[in-house]
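First chain A sits with chain B, and in the next complex the same chain sits with chain C.
Right after this comes the complex of A and B.
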(Lines of atoms letter the chains of each structure in order from A and count residues from 1; the text may use other names and numbers.)
(Lines give C-alpha, C1' and ligand atoms only; values in the text may rest on other atoms or scores of the structure.)
Protein backbone atom coordinates (compact mmCIF):
# COMPACT_ATOMS: atom_id res chain seq x y z
CA UNK A 1 0.00 0.00 0.00
CA UNK A 2 1.21 3.50 -0.86
CA UNK A 3 0.12 7.05 0.00
CA UNK A 4 0.98 9.96 -2.25
CA UNK A 5 0.66 13.70 -1.73
CA UNK A 6 -0.78 16.04 -4.29
CA UNK A 7 2.64 16.76 -5.71
CA UNK A 8 3.43 13.09 -6.14
CA UNK A 9 5.71 12.53 -3.18
CA UNK A 10 5.28 9.11 -1.69
CA UNK A 11 4.82 9.58 2.04
CA UNK A 12 3.97 6.03 3.01
CA UNK A 13 4.91 2.67 1.60
CA UNK A 14 3.99 -0.62 3.18
CA UNK A 15 4.76 -3.97 1.65
CA UNK A 16 3.14 -7.06 3.07
CA UNK A 17 4.49 -9.48 0.51
CA UNK A 18 7.98 -8.92 1.90
CA UNK A 19 9.40 -9.22 -1.57
CA UNK A 20 10.51 -5.61 -1.87
CA UNK A 21 13.99 -4.63 -0.87
CA UNK A 22 13.69 -1.21 0.76
CA UNK A 23 17.46 -0.77 1.00
CA UNK A 24 17.65 -0.38 -2.76
CA UNK A 25 16.39 3.21 -2.72
CA UNK A 26 16.85 3.82 -6.42
CA UNK A 27 14.65 0.93 -7.38
CA UNK A 28 12.04 1.86 -4.79
CA UNK A 29 11.81 5.50 -5.89
CA UNK A 30 11.64 4.38 -9.50
CA UNK A 31 8.82 2.05 -8.65
CA UNK A 32 6.93 4.75 -6.77
CA UNK A 33 7.28 7.16 -9.65
CA UNK A 34 5.97 4.56 -12.04
CA UNK A 35 2.90 3.95 -9.90
CA UNK A 36 2.19 7.65 -9.60
CA UNK A 37 2.67 8.28 -13.32
CA UNK A 38 0.41 5.36 -14.10
CA UNK A 39 -2.28 6.76 -11.82
CA UNK A 40 -2.19 10.18 -13.44
CA UNK A 41 -2.45 8.80 -16.94
CA UNK A 42 -5.19 6.38 -15.97
CA UNK A 43 -7.11 9.10 -14.21
CA UNK A 44 -7.13 11.41 -17.18
CA UNK A 45 -7.93 8.48 -19.47
CA UNK A 46 -10.89 7.40 -17.38
CA UNK A 47 -12.07 11.00 -17.23
CA UNK A 48 -12.27 11.04 -21.02
CA UNK A 49 -14.26 7.83 -21.14
CA UNK A 50 -16.87 8.37 -18.48
CA UNK A 51 -18.12 10.58 -15.70
CA UNK A 52 -17.45 7.84 -13.18
CA UNK A 53 -14.42 8.07 -10.97
CA UNK A 54 -11.57 5.66 -11.36
CA UNK A 55 -11.56 3.24 -8.45
CA UNK A 56 -9.71 0.10 -9.39
CA UNK A 57 -8.47 -2.08 -12.21
CA UNK A 58 -7.25 -5.61 -12.32
CA UNK A 59 -4.94 -7.72 -14.39
CA UNK A 60 -4.36 -11.45 -14.22
CA UNK A 61 -1.70 -11.06 -11.57
CA UNK A 62 -2.70 -8.07 -9.44
CA UNK A 63 -5.44 -5.59 -8.73
CA UNK A 64 -4.97 -1.90 -7.99
CA UNK A 65 -7.37 0.10 -5.82
CA UNK A 66 -7.32 3.84 -5.74
CA UNK A 67 -8.89 6.46 -3.47
CA UNK A 68 -8.23 10.14 -3.89
CA UNK A 69 -9.25 13.02 -1.62
CA UNK A 70 -10.14 16.57 -2.42
CA UNK A 71 -7.04 17.60 -0.52
CA UNK A 72 -4.97 15.74 -3.09
CA UNK A 73 -3.89 12.83 -0.90
CA UNK A 74 -3.97 9.59 -2.85
CA UNK A 75 -4.29 6.13 -1.32
CA UNK A 76 -3.18 3.24 -3.46
CA UNK A 77 -3.55 -0.43 -2.64
CA UNK A 78 -2.23 -3.27 -4.73
CA UNK A 79 -3.74 -6.66 -3.97
CA UNK A 80 -4.19 -10.09 -5.50
CA UNK A 81 -6.75 -10.20 -8.31
CA UNK A 82 -8.84 -12.65 -6.29
CA UNK A 83 -10.44 -9.93 -4.21
CA UNK A 84 -13.95 -9.17 -5.41
CA UNK A 85 -14.98 -5.60 -6.13
CA UNK A 86 -12.93 -2.59 -5.21
CA UNK A 87 -11.50 -1.89 -1.80
CA UNK A 88 -11.91 1.87 -1.87
CA UNK A 89 -14.17 1.62 1.17
CA UNK A 90 -11.25 0.10 3.06
CA UNK A 91 -8.98 2.93 1.97
CA UNK A 92 -11.66 5.39 2.96
CA UNK A 93 -11.86 3.84 6.42
CA UNK A 94 -8.12 4.05 6.76
CA UNK A 95 -8.37 7.72 5.90
CA UNK A 96 -11.14 8.45 8.39
CA UNK A 97 -10.04 6.27 11.29
CA UNK A 98 -6.26 6.22 10.90
CA UNK A 99 -5.05 9.14 8.81
CA UNK A 100 -7.13 11.88 10.41
CA UNK A 101 -6.66 11.05 14.09
CA UNK A 102 -3.02 9.92 13.88
CA UNK A 103 -1.64 12.33 11.31
CA UNK A 104 -3.95 15.17 10.47
CA UNK A 105 -4.55 15.93 14.13
CA UNK A 106 -1.03 15.14 15.21
CA UNK A 107 1.05 18.25 15.63
CA UNK A 108 4.24 16.23 15.69
CA UNK A 109 3.59 15.24 12.10
CA UNK A 110 4.27 17.85 9.47
CA UNK A 111 1.80 17.50 6.61
CA UNK A 112 3.26 16.18 3.40
CA UNK A 113 6.35 14.61 4.91
CA UNK A 114 7.06 10.87 5.03
CA UNK A 115 4.93 9.14 7.63
CA UNK A 116 6.97 7.61 10.43
CA UNK A 117 4.17 7.15 12.94
CA UNK A 118 4.50 3.58 14.16
CA UNK A 119 0.98 3.37 15.43
CA UNK A 120 -0.37 4.29 12.02
CA UNK A 121 1.75 1.69 10.29
CA UNK A 122 0.80 -1.07 12.73
CA UNK A 123 -2.90 -0.31 12.50
CA UNK A 124 -2.84 -0.36 8.74
CA UNK A 125 -0.88 -3.55 8.67
CA UNK A 126 -3.40 -5.18 10.94
CA UNK A 127 -6.30 -3.97 8.86
CA UNK A 128 -4.78 -5.16 5.60
CA UNK A 129 -3.86 -8.56 7.03
CA UNK A 130 -7.50 -9.18 7.79
CA UNK A 131 -8.22 -8.84 4.12
CA UNK A 132 -5.37 -10.92 2.85
CA UNK A 133 -6.46 -13.94 4.90
CA UNK B 1 -24.55 15.06 11.26
CA UNK B 2 -23.62 17.73 13.81
CA UNK B 3 -25.01 15.88 16.79
CA UNK B 4 -22.43 13.11 16.58
CA UNK B 5 -19.39 15.29 16.96
CA UNK B 6 -17.71 16.03 20.25
CA UNK B 7 -18.71 19.21 21.96
CA UNK B 8 -17.14 21.62 24.38
CA UNK B 9 -18.88 24.47 26.07
CA UNK B 10 -18.82 27.94 24.56
CA UNK B 11 -17.48 29.35 27.80
CA UNK B 12 -14.48 27.05 27.73
CA UNK B 13 -13.76 27.89 24.14
CA UNK B 14 -14.02 31.63 24.51
CA UNK B 15 -12.03 31.72 27.73
CA UNK B 16 -9.26 29.56 26.30
CA UNK B 17 -9.12 31.66 23.19
CA UNK B 18 -9.08 34.78 25.31
CA UNK B 19 -6.07 33.73 27.35
CA UNK B 20 -4.40 32.63 24.16
CA UNK B 21 -4.79 36.06 22.56
CA UNK B 22 -3.76 37.76 25.79
CA UNK B 23 -0.60 35.68 25.85
CA UNK B 24 0.21 36.60 22.25
CA UNK B 25 -0.29 40.26 23.10
CA UNK B 26 2.18 39.93 25.92
CA UNK B 27 4.78 38.23 23.75
CA UNK B 28 4.53 40.60 20.83
CA UNK B 29 5.17 44.29 20.72
CA UNK B 30 2.21 45.48 18.75
CA UNK B 31 -1.27 44.42 17.78
CA UNK B 32 -0.50 44.19 14.07
CA UNK B 33 2.06 41.54 14.82
CA UNK B 34 -0.56 39.64 16.83
CA UNK B 35 -3.00 39.89 13.93
CA UNK B 36 -0.43 38.28 11.67
CA UNK B 37 0.36 35.59 14.21
CA UNK B 38 -3.29 34.73 14.66
CA UNK B 39 -3.69 34.53 10.92
CA UNK B 40 -0.73 32.24 10.57
CA UNK B 41 -1.80 29.96 13.41
CA UNK B 42 -5.28 29.81 11.95
CA UNK B 43 -3.91 28.92 8.58
CA UNK B 44 -2.02 25.98 10.06
CA UNK B 45 -5.18 24.86 11.81
CA UNK B 46 -7.09 25.14 8.55
CA UNK B 47 -4.57 23.01 6.71
CA UNK B 48 -5.36 20.15 9.05
CA UNK B 49 -8.96 20.79 9.80
CA UNK B 50 -10.01 20.46 6.18
CA UNK B 51 -9.34 16.70 6.21
CA UNK B 52 -11.64 16.15 9.13
CA UNK B 53 -14.21 18.53 7.77
CA UNK B 54 -14.42 16.80 4.41
CA UNK B 55 -14.73 13.36 5.91
CA UNK B 56 -17.35 14.34 8.44
CA UNK B 57 -19.44 16.55 6.25
CA UNK B 58 -19.28 14.08 3.36
CA UNK B 59 -19.03 16.95 0.96
CA UNK B 60 -17.81 16.37 -2.54
CA UNK B 61 -16.11 18.89 -4.74
CA UNK B 62 -17.94 22.19 -5.04
CA UNK B 63 -18.98 23.38 -8.47
CA UNK B 64 -18.06 27.00 -8.04
CA UNK B 65 -16.99 29.65 -5.59
CA UNK B 66 -20.58 30.37 -4.59
CA UNK B 67 -21.06 26.82 -3.41
CA UNK B 68 -17.78 27.00 -1.50
CA UNK B 69 -19.03 30.10 0.30
CA UNK B 70 -22.24 28.36 1.24
CA UNK B 71 -20.45 25.31 2.59
CA UNK B 72 -18.13 27.43 4.71
CA UNK B 73 -20.93 29.47 6.19
CA UNK B 74 -23.54 26.75 6.68
CA UNK B 75 -21.39 23.73 7.50
CA UNK B 76 -17.94 24.97 8.42
CA UNK B 77 -19.04 27.51 10.99
CA UNK B 78 -21.74 25.22 12.28
CA UNK B 79 -19.38 22.30 12.76
CA UNK B 80 -16.58 24.15 14.49
CA UNK B 81 -18.21 27.11 16.18
CA UNK B 82 -21.79 25.97 16.59
CA UNK B 83 -23.19 29.01 14.82
CA UNK B 84 -24.20 29.57 11.25
CA UNK B 85 -23.01 32.52 9.29
CA UNK B 86 -24.57 34.51 6.49
CA UNK B 87 -23.04 34.96 3.09
CA UNK B 88 -23.70 38.28 1.40
CA UNK B 89 -22.33 41.12 -0.65
CA UNK B 90 -21.09 39.23 -3.69
CA UNK B 91 -19.14 41.32 -6.12
CA UNK B 92 -20.08 41.32 -9.81
CA UNK B 93 -17.86 38.55 -11.07
CA UNK B 94 -18.45 36.27 -8.08
CA UNK B 95 -14.94 36.41 -6.74
CA UNK B 96 -15.54 38.13 -3.45
CA UNK B 97 -18.06 37.75 -0.69
CA UNK B 98 -18.60 38.67 2.93
CA UNK B 99 -19.39 36.39 5.80
CA UNK B 100 -21.50 37.83 8.58
CA UNK B 101 -21.30 36.14 11.95
CA UNK B 102 -24.05 37.02 14.31
CA UNK B 103 -22.88 35.60 17.60
CA UNK B 104 -19.20 34.98 17.35
CA UNK B 105 -18.47 32.55 20.21
CA UNK B 106 -14.81 33.57 20.27
CA UNK B 107 -15.62 37.11 21.28
CA UNK B 108 -18.14 36.28 23.94
CA UNK B 109 -17.43 38.09 27.26
CA UNK B 110 -14.74 40.11 25.53
CA UNK B 111 -14.15 43.83 25.75
CA UNK B 112 -11.16 45.32 24.05
CA UNK B 113 -9.15 47.97 25.89
CA UNK B 114 -9.30 51.30 24.09
CA UNK B 115 -5.73 51.28 22.85
CA UNK B 116 -6.37 48.00 21.03
CA UNK B 117 -9.72 48.86 19.58
CA UNK B 118 -8.36 50.31 16.37
CA UNK B 119 -5.56 47.84 15.80
CA UNK B 120 -6.34 44.33 17.01
CA UNK B 121 -8.57 41.99 15.02
CA UNK B 122 -9.42 39.77 17.93
CA UNK B 123 -10.81 36.81 15.97
CA UNK B 124 -8.30 36.98 13.14
CA UNK B 125 -7.68 33.28 13.67
CA UNK B 126 -10.89 32.59 11.76
CA UNK B 127 -9.53 34.26 8.62
CA UNK B 128 -6.47 32.08 8.82
CA UNK B 129 -8.53 28.94 9.19
CA UNK B 130 -10.63 29.75 6.13
CA UNK B 131 -7.57 30.55 4.07
CA UNK B 132 -5.64 27.50 5.24
CA UNK B 133 -8.49 25.10 4.67
CA UNK B 134 -9.25 26.35 1.17
CA UNK B 135 -5.59 26.34 0.28
CA UNK B 136 -5.52 22.58 0.77
CA UNK B 137 -8.22 22.06 -1.80
CA UNK B 138 -6.38 24.26 -4.31
CA UNK B 139 -8.50 27.34 -3.82
CA UNK B 140 -6.35 30.34 -3.05
CA UNK B 141 -8.12 33.15 -1.22
CA UNK B 142 -7.37 36.25 0.73
CA UNK B 143 -9.36 36.65 3.87
CA UNK B 144 -9.61 39.54 6.28
CA UNK B 145 -11.85 41.20 8.83
CA UNK B 146 -13.81 44.20 7.71
CA UNK B 147 -15.87 44.85 10.79
CA UNK B 148 -16.02 43.46 14.29
CA UNK B 149 -18.59 44.15 16.95
CA UNK B 150 -15.72 44.31 19.41
CA UNK B 151 -14.58 47.47 17.68
CA UNK B 152 -17.99 48.99 18.03
CA UNK B 153 -19.22 48.11 14.54
CA UNK B 154 -22.80 46.90 14.05
CA UNK B 155 -21.79 43.48 12.81
CA UNK B 156 -18.92 41.07 12.44
CA UNK B 157 -17.89 40.78 8.83
CA UNK B 158 -15.14 38.79 7.14
CA UNK B 159 -14.26 39.42 3.52
CA UNK B 160 -13.13 36.47 1.42
CA UNK B 161 -11.55 37.23 -1.92
CA UNK B 162 -10.75 34.59 -4.50
CA UNK B 163 -7.24 34.79 -5.89
CA UNK B 164 -7.24 31.72 -8.09
CA UNK B 165 -8.29 28.13 -8.31
CA UNK B 166 -5.15 26.19 -9.03
CA UNK B 167 -5.03 23.21 -11.33
CA UNK B 168 -2.74 20.34 -10.44
CA UNK B 169 0.52 20.54 -12.28
CA UNK B 170 3.17 17.88 -12.43
CA UNK B 171 6.74 18.38 -13.39
CA UNK B 172 8.90 15.89 -15.14
CA UNK B 173 12.12 14.94 -13.55
CA UNK B 174 14.93 12.83 -14.80
CA UNK B 175 14.75 9.22 -13.77
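Right after this comes the complex of A and C.
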Protein backbone atom coordinates (compact mmCIF):
# COMPACT_ATOMS: atom_id res chain seq x y z
CA UNK A 1 0.00 0.00 0.00
CA UNK A 2 1.24 3.47 -0.89
CA UNK A 3 0.15 7.04 -0.15
CA UNK A 4 1.16 9.91 -2.41
CA UNK A 5 0.85 13.66 -1.98
CA UNK A 6 -0.49 15.94 -4.66
CA UNK A 7 3.01 16.61 -5.94
CA UNK A 8 3.86 12.94 -6.29
CA UNK A 9 6.03 12.45 -3.22
CA UNK A 10 5.44 9.09 -1.64
CA UNK A 11 4.78 9.67 2.06
CA UNK A 12 3.85 6.14 3.05
CA UNK A 13 4.92 2.79 1.70
CA UNK A 14 3.90 -0.45 3.36
CA UNK A 15 4.84 -3.83 1.96
CA UNK A 16 2.90 -6.78 3.31
CA UNK A 17 4.63 -9.40 1.20
CA UNK A 18 7.98 -8.65 2.94
CA UNK A 19 9.74 -9.31 -0.33
CA UNK A 20 10.56 -5.70 -1.17
CA UNK A 21 14.09 -4.64 -0.31
CA UNK A 22 13.83 -1.12 1.14
CA UNK A 23 17.61 -0.69 1.31
CA UNK A 24 17.74 -0.54 -2.48
CA UNK A 25 16.58 3.10 -2.58
CA UNK A 26 17.09 3.54 -6.28
CA UNK A 27 14.80 0.67 -7.16
CA UNK A 28 12.18 1.75 -4.61
CA UNK A 29 12.06 5.38 -5.78
CA UNK A 30 11.98 4.23 -9.38
CA UNK A 31 9.04 2.01 -8.64
CA UNK A 32 7.19 4.79 -6.78
CA UNK A 33 7.73 7.14 -9.69
CA UNK A 34 6.37 4.57 -12.12
CA UNK A 35 3.27 4.01 -10.01
CA UNK A 36 2.60 7.73 -9.67
CA UNK A 37 3.16 8.39 -13.37
CA UNK A 38 0.87 5.53 -14.29
CA UNK A 39 -1.84 6.87 -11.97
CA UNK A 40 -1.69 10.32 -13.53
CA UNK A 41 -2.04 8.99 -17.06
CA UNK A 42 -4.76 6.55 -16.02
CA UNK A 43 -6.69 9.40 -14.46
CA UNK A 44 -6.56 11.54 -17.57
CA UNK A 45 -7.33 8.48 -19.68
CA UNK A 46 -10.48 7.66 -17.76
CA UNK A 47 -11.48 11.34 -17.79
CA UNK A 48 -11.30 11.29 -21.59
CA UNK A 49 -13.77 8.42 -21.79
CA UNK A 50 -16.22 9.60 -19.16
CA UNK A 51 -16.65 12.12 -16.39
CA UNK A 52 -16.23 9.58 -13.61
CA UNK A 53 -13.23 8.80 -11.43
CA UNK A 54 -10.97 5.86 -12.02
CA UNK A 55 -11.29 3.12 -9.38
CA UNK A 56 -9.12 0.14 -10.16
CA UNK A 57 -7.38 -1.83 -12.86
CA UNK A 58 -6.22 -5.41 -12.96
CA UNK A 59 -3.63 -7.45 -14.80
CA UNK A 60 -3.19 -11.19 -14.70
CA UNK A 61 -0.69 -10.80 -11.82
CA UNK A 62 -2.12 -8.09 -9.59
CA UNK A 63 -4.89 -5.57 -9.08
CA UNK A 64 -4.43 -1.91 -8.23
CA UNK A 65 -7.08 0.10 -6.35
CA UNK A 66 -7.07 3.85 -6.18
CA UNK A 67 -8.76 6.47 -4.04
CA UNK A 68 -8.05 10.17 -4.25
CA UNK A 69 -9.02 12.94 -1.84
CA UNK A 70 -10.05 16.40 -2.95
CA UNK A 71 -6.75 17.66 -1.56
CA UNK A 72 -4.94 15.47 -4.05
CA UNK A 73 -3.69 12.87 -1.61
CA UNK A 74 -3.76 9.51 -3.33
CA UNK A 75 -4.23 6.16 -1.65
CA UNK A 76 -3.03 3.19 -3.67
CA UNK A 77 -3.53 -0.45 -2.80
CA UNK A 78 -2.04 -3.34 -4.73
CA UNK A 79 -3.68 -6.72 -4.21
CA UNK A 80 -3.96 -10.12 -5.79
CA UNK A 81 -6.12 -10.24 -8.92
CA UNK A 82 -8.57 -12.69 -7.34
CA UNK A 83 -10.43 -10.01 -5.40
CA UNK A 84 -13.75 -9.23 -7.02
CA UNK A 85 -14.72 -5.60 -7.46
CA UNK A 86 -12.73 -2.70 -6.11
CA UNK A 87 -11.43 -2.02 -2.62
CA UNK A 88 -11.85 1.76 -2.69
CA UNK A 89 -14.24 1.42 0.25
CA UNK A 90 -11.37 -0.07 2.27
CA UNK A 91 -9.13 2.86 1.34
CA UNK A 92 -11.93 5.24 2.26
CA UNK A 93 -12.19 3.56 5.67
CA UNK A 94 -8.46 3.88 6.16
CA UNK A 95 -8.74 7.57 5.41
CA UNK A 96 -11.63 8.13 7.82
CA UNK A 97 -10.54 5.91 10.70
CA UNK A 98 -6.75 6.06 10.47
CA UNK A 99 -5.58 9.05 8.46
CA UNK A 100 -7.78 11.69 10.06
CA UNK A 101 -7.32 10.76 13.75
CA UNK A 102 -3.63 9.84 13.55
CA UNK A 103 -2.31 12.36 11.05
CA UNK A 104 -4.70 15.23 10.38
CA UNK A 105 -5.34 15.68 14.10
CA UNK A 106 -1.71 15.08 15.01
CA UNK A 107 0.06 18.34 15.85
CA UNK A 108 3.48 16.72 15.49
CA UNK A 109 2.76 15.75 11.89
CA UNK A 110 3.40 18.26 9.17
CA UNK A 111 1.22 17.73 6.09
CA UNK A 112 3.03 16.39 3.06
CA UNK A 113 5.99 14.94 4.93
CA UNK A 114 6.76 11.22 5.15
CA UNK A 115 4.56 9.43 7.68
CA UNK A 116 6.52 8.07 10.62
CA UNK A 117 3.58 7.59 13.00
CA UNK A 118 3.91 4.08 14.35
CA UNK A 119 0.25 3.75 15.36
CA UNK A 120 -0.87 4.59 11.86
CA UNK A 121 1.42 2.01 10.28
CA UNK A 122 0.49 -0.73 12.74
CA UNK A 123 -3.22 -0.09 12.43
CA UNK A 124 -3.13 -0.17 8.66
CA UNK A 125 -1.08 -3.32 8.66
CA UNK A 126 -3.56 -4.96 10.99
CA UNK A 127 -6.54 -3.86 8.93
CA UNK A 128 -5.07 -5.06 5.66
CA UNK A 129 -4.04 -8.38 7.14
CA UNK A 130 -7.50 -8.82 8.58
CA UNK A 131 -9.00 -8.16 5.20
CA UNK A 132 -6.76 -10.59 3.36
CA UNK A 133 -7.51 -13.42 5.78
CA UNK B 1 -24.08 -2.61 -23.46
CA UNK B 2 -20.89 -1.92 -25.41
CA UNK B 3 -19.69 1.60 -26.14
CA UNK B 4 -16.60 1.44 -28.28
CA UNK B 5 -13.94 -0.82 -29.71
CA UNK B 6 -10.31 -0.05 -30.53
CA UNK B 7 -7.56 -2.10 -32.14
CA UNK B 8 -3.98 -1.07 -31.38
CA UNK B 9 -1.02 -2.53 -33.24
CA UNK B 10 2.16 -3.78 -31.59
CA UNK B 11 3.82 -0.34 -31.87
CA UNK B 12 1.05 1.48 -30.05
CA UNK B 13 -0.76 3.19 -32.89
CA UNK B 14 -4.44 2.95 -33.53
CA UNK B 15 -5.36 0.80 -36.52
CA UNK B 16 -9.10 0.60 -36.06
CA UNK B 17 -11.72 2.32 -33.95
CA UNK B 18 -15.46 2.08 -33.81
CA UNK B 19 -17.14 4.44 -31.38
CA UNK B 20 -20.54 4.25 -33.02
CA UNK B 21 -21.72 1.18 -31.10
CA UNK B 22 -23.68 3.46 -28.82
CA UNK B 23 -24.42 7.16 -28.79
CA UNK B 24 -23.65 7.40 -25.09
CA UNK B 25 -20.04 8.47 -25.45
CA UNK B 26 -18.58 10.72 -28.08
CA UNK B 27 -14.93 10.36 -28.97
CA UNK B 28 -13.29 12.50 -31.65
CA UNK B 29 -10.84 10.81 -33.97
CA UNK B 30 -7.93 12.77 -32.52
CA UNK B 31 -8.90 11.69 -29.02
CA UNK B 32 -9.12 8.10 -30.17
CA UNK B 33 -5.52 8.27 -31.40
CA UNK B 34 -4.44 9.75 -28.10
CA UNK B 35 -6.32 7.11 -26.13
CA UNK B 36 -4.61 4.36 -28.09
CA UNK B 37 -1.15 5.78 -27.50
CA UNK B 38 -1.73 6.35 -23.80
CA UNK B 39 -3.10 2.88 -23.35
CA UNK B 40 -0.05 1.35 -24.97
CA UNK B 41 2.32 3.13 -22.56
CA UNK B 42 0.15 2.39 -19.53
CA UNK B 43 0.05 -1.24 -20.54
CA UNK B 44 3.83 -1.54 -20.57
CA UNK B 45 4.31 0.45 -17.34
CA UNK B 46 1.72 -1.63 -15.53
CA UNK B 47 3.59 -4.80 -16.43
CA UNK B 48 6.80 -3.24 -15.10
CA UNK B 49 5.37 -2.52 -11.66
CA UNK B 50 4.20 -6.07 -11.10
CA UNK B 51 5.08 -7.00 -7.50
CA UNK B 52 7.85 -9.57 -7.38
CA UNK B 53 5.86 -11.90 -5.18
CA UNK B 54 3.00 -12.01 -7.67
CA UNK B 55 5.43 -12.73 -10.45
CA UNK B 56 6.89 -15.72 -8.67
CA UNK B 57 3.45 -17.21 -8.27
CA UNK B 58 2.88 -16.86 -11.98
CA UNK B 59 6.18 -18.46 -12.78
CA UNK B 60 5.28 -21.53 -10.80
CA UNK B 61 1.93 -21.73 -12.51
CA UNK B 62 3.85 -21.92 -15.79
CA UNK B 63 1.79 -19.34 -17.65
CA UNK B 64 3.27 -16.41 -19.52
CA UNK B 65 4.94 -13.75 -17.42
CA UNK B 66 4.37 -10.03 -16.94
CA UNK B 67 1.06 -9.14 -18.42
CA UNK B 68 -0.16 -5.60 -18.65
CA UNK B 69 -3.56 -4.11 -17.90
CA UNK B 70 -6.46 -6.42 -18.58
CA UNK B 71 -9.36 -4.42 -17.22
CA UNK B 72 -9.87 -0.85 -16.05
CA UNK B 73 -12.90 -0.05 -13.96
CA UNK B 74 -14.52 3.25 -13.15
CA UNK B 75 -17.95 4.26 -11.91
CA UNK B 76 -19.46 4.46 -15.36
CA UNK B 77 -17.58 2.07 -17.61
CA UNK B 78 -15.35 -0.96 -17.85
CA UNK B 79 -12.54 -1.42 -20.30
CA UNK B 80 -11.29 -4.83 -21.28
CA UNK B 81 -8.06 -5.49 -23.14
CA UNK B 82 -7.33 -8.65 -25.07
CA UNK B 83 -3.74 -8.89 -26.17
CA UNK B 84 -2.78 -11.52 -28.72
CA UNK B 85 0.68 -13.07 -29.04
CA UNK B 86 1.68 -10.81 -31.92
CA UNK B 87 1.22 -7.76 -29.67
CA UNK B 88 -2.00 -6.48 -31.16
CA UNK B 89 -4.38 -5.22 -28.49
CA UNK B 90 -8.14 -5.32 -28.79
CA UNK B 91 -9.93 -2.92 -26.45
CA UNK B 92 -13.60 -2.95 -25.64
CA UNK B 93 -15.35 -0.27 -23.61
CA UNK B 94 -18.62 -1.38 -22.03
CA UNK B 95 -20.90 -0.33 -19.22
CA UNK B 96 -20.26 -1.46 -15.65
CA UNK B 97 -22.84 -4.23 -15.52
CA UNK B 98 -21.33 -6.21 -18.41
CA UNK B 99 -19.70 -9.40 -17.13
CA UNK B 100 -15.99 -9.77 -17.87
CA UNK B 101 -16.43 -13.14 -19.52
CA UNK B 102 -18.82 -11.67 -22.04
CA UNK B 103 -16.38 -8.89 -22.90
CA UNK B 104 -13.59 -11.40 -23.28
CA UNK B 105 -15.74 -13.55 -25.51
CA UNK B 106 -16.69 -10.56 -27.67
CA UNK B 107 -13.05 -9.60 -28.13
CA UNK B 108 -12.14 -13.15 -29.06
CA UNK B 109 -14.84 -12.95 -31.73
CA UNK B 110 -13.43 -9.64 -32.94
CA UNK B 111 -10.02 -11.28 -33.17
CA UNK B 112 -11.50 -14.03 -35.28
CA UNK B 113 -13.08 -11.49 -37.62
CA UNK B 114 -9.76 -9.66 -37.73
CA UNK B 115 -8.06 -12.90 -38.73
CA UNK B 116 -10.59 -13.62 -41.44
CA UNK B 117 -10.98 -10.21 -43.01
CA UNK B 118 -7.73 -8.40 -42.28
CA UNK B 119 -4.88 -10.88 -41.88
CA UNK B 120 -6.03 -12.97 -44.81
CA UNK B 121 -6.47 -9.92 -47.04
CA UNK B 122 -3.57 -9.82 -49.50
CA UNK B 123 -3.96 -6.07 -49.97
CA UNK B 124 -3.62 -5.27 -46.29
CA UNK B 125 -0.24 -4.03 -45.15
CA UNK B 126 0.76 -4.96 -41.61
CA UNK B 127 0.28 -2.25 -38.96
CA UNK B 128 -1.67 0.04 -41.28
CA UNK B 129 -5.12 1.45 -40.43
CA UNK B 130 -7.91 -0.94 -41.31
CA UNK B 131 -10.28 0.41 -43.91
CA UNK B 132 -12.40 -2.45 -45.14
CA UNK B 133 -16.14 -2.38 -45.55
CA UNK B 134 -16.40 -6.14 -45.09
CA UNK B 135 -14.63 -5.92 -41.76
CA UNK B 136 -16.81 -3.01 -40.64
CA UNK B 137 -19.91 -4.95 -41.62
CA UNK B 138 -18.81 -8.04 -39.72
CA UNK B 139 -18.09 -5.99 -36.59
CA UNK B 140 -21.45 -4.28 -36.82
CA UNK B 141 -23.13 -7.61 -37.24
CA UNK B 142 -21.38 -8.92 -34.13
CA UNK B 143 -22.31 -5.98 -31.91
CA UNK B 144 -25.67 -5.00 -33.34
CA UNK B 145 -27.25 -8.26 -34.45
CA UNK B 146 -30.74 -6.75 -34.33
CA UNK B 147 -30.02 -4.65 -37.43
CA UNK B 148 -29.56 -7.72 -39.57
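The definition used in the following text is that the second predicted complex is superposed on the first by the 133 of 133 C-alpha atoms of A that agree within 3 Å, B and C clash if a C-alpha of one lies under 4 Å from a C-alpha of the other, contacts with A are read in each partner's own complex, and residues count from 1 in each chain.
Methods note: a contact is a pair of C-beta atoms (placed from the backbone, for glycine too) under 8 Å apart; a residue touches a chain by one contact, two chains touch by 3 or more.
No experiment lies behind these values; they were computed from the predicted model shown.
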Original post:
After the chain A overlay, clash or fit between chain B and chain C?
Top reply: fit
**OP:** Applying the touch criterion given at the start, work out whether A:69 contacts chain B, chain C, both or neither, answering first, second, both or neither.
**Re:** first
Original post:
Which of the two partners, first being chain B and second being chain C, lies in contact with A:59: first, second, both, or neither?
Top reply: second
Subject >> Three-chain overlay, vertex chain A: chain B-chain C angle, C-alpha, nearest 10 degrees >> reply: 120
**OP:** Could you say whether A:50 touches chain B, chain C, both of them, or neither, answering first, second, both or neither?
**Re:** second
**OP:** Would you mind checking which one, chain B or chain C, touches more residues on chain A?
**Re:** C
Original post:
By how many Å are the closest C-alpha atoms of chain B and chain C apart after the superposition?
Top reply: 15
Subject >> Where chain A meets both chain C and chain B, residue numbers >> reply: none
Subject >> chain A-touching residues of chain B, taken from the complex the two chains share >> reply: 47-48, 50-52, 54-55, 60-61, 136-138, 168, 170, 175
Original post:
For chain C, which residues are in contact with chain A within the complex?
Top reply: 25, 27, 31, 34-35, 38-39, 41-42, 45-55, 57-58, 63, 66-77, 79, 93
**OP:** Would you pull the chain A residues touching chain C in the complex into a rising list?
**Re:** 17, 19-20, 31, 34-35, 37-38, 41-42, 44-46, 48-62, 64, 78, 80, 86
Subject >> Residue numbers on chain A that touch chain B, as the complex places them >> reply: 6-8, 30, 33, 40, 69-73, 95-96, 99-100, 104-105, 111
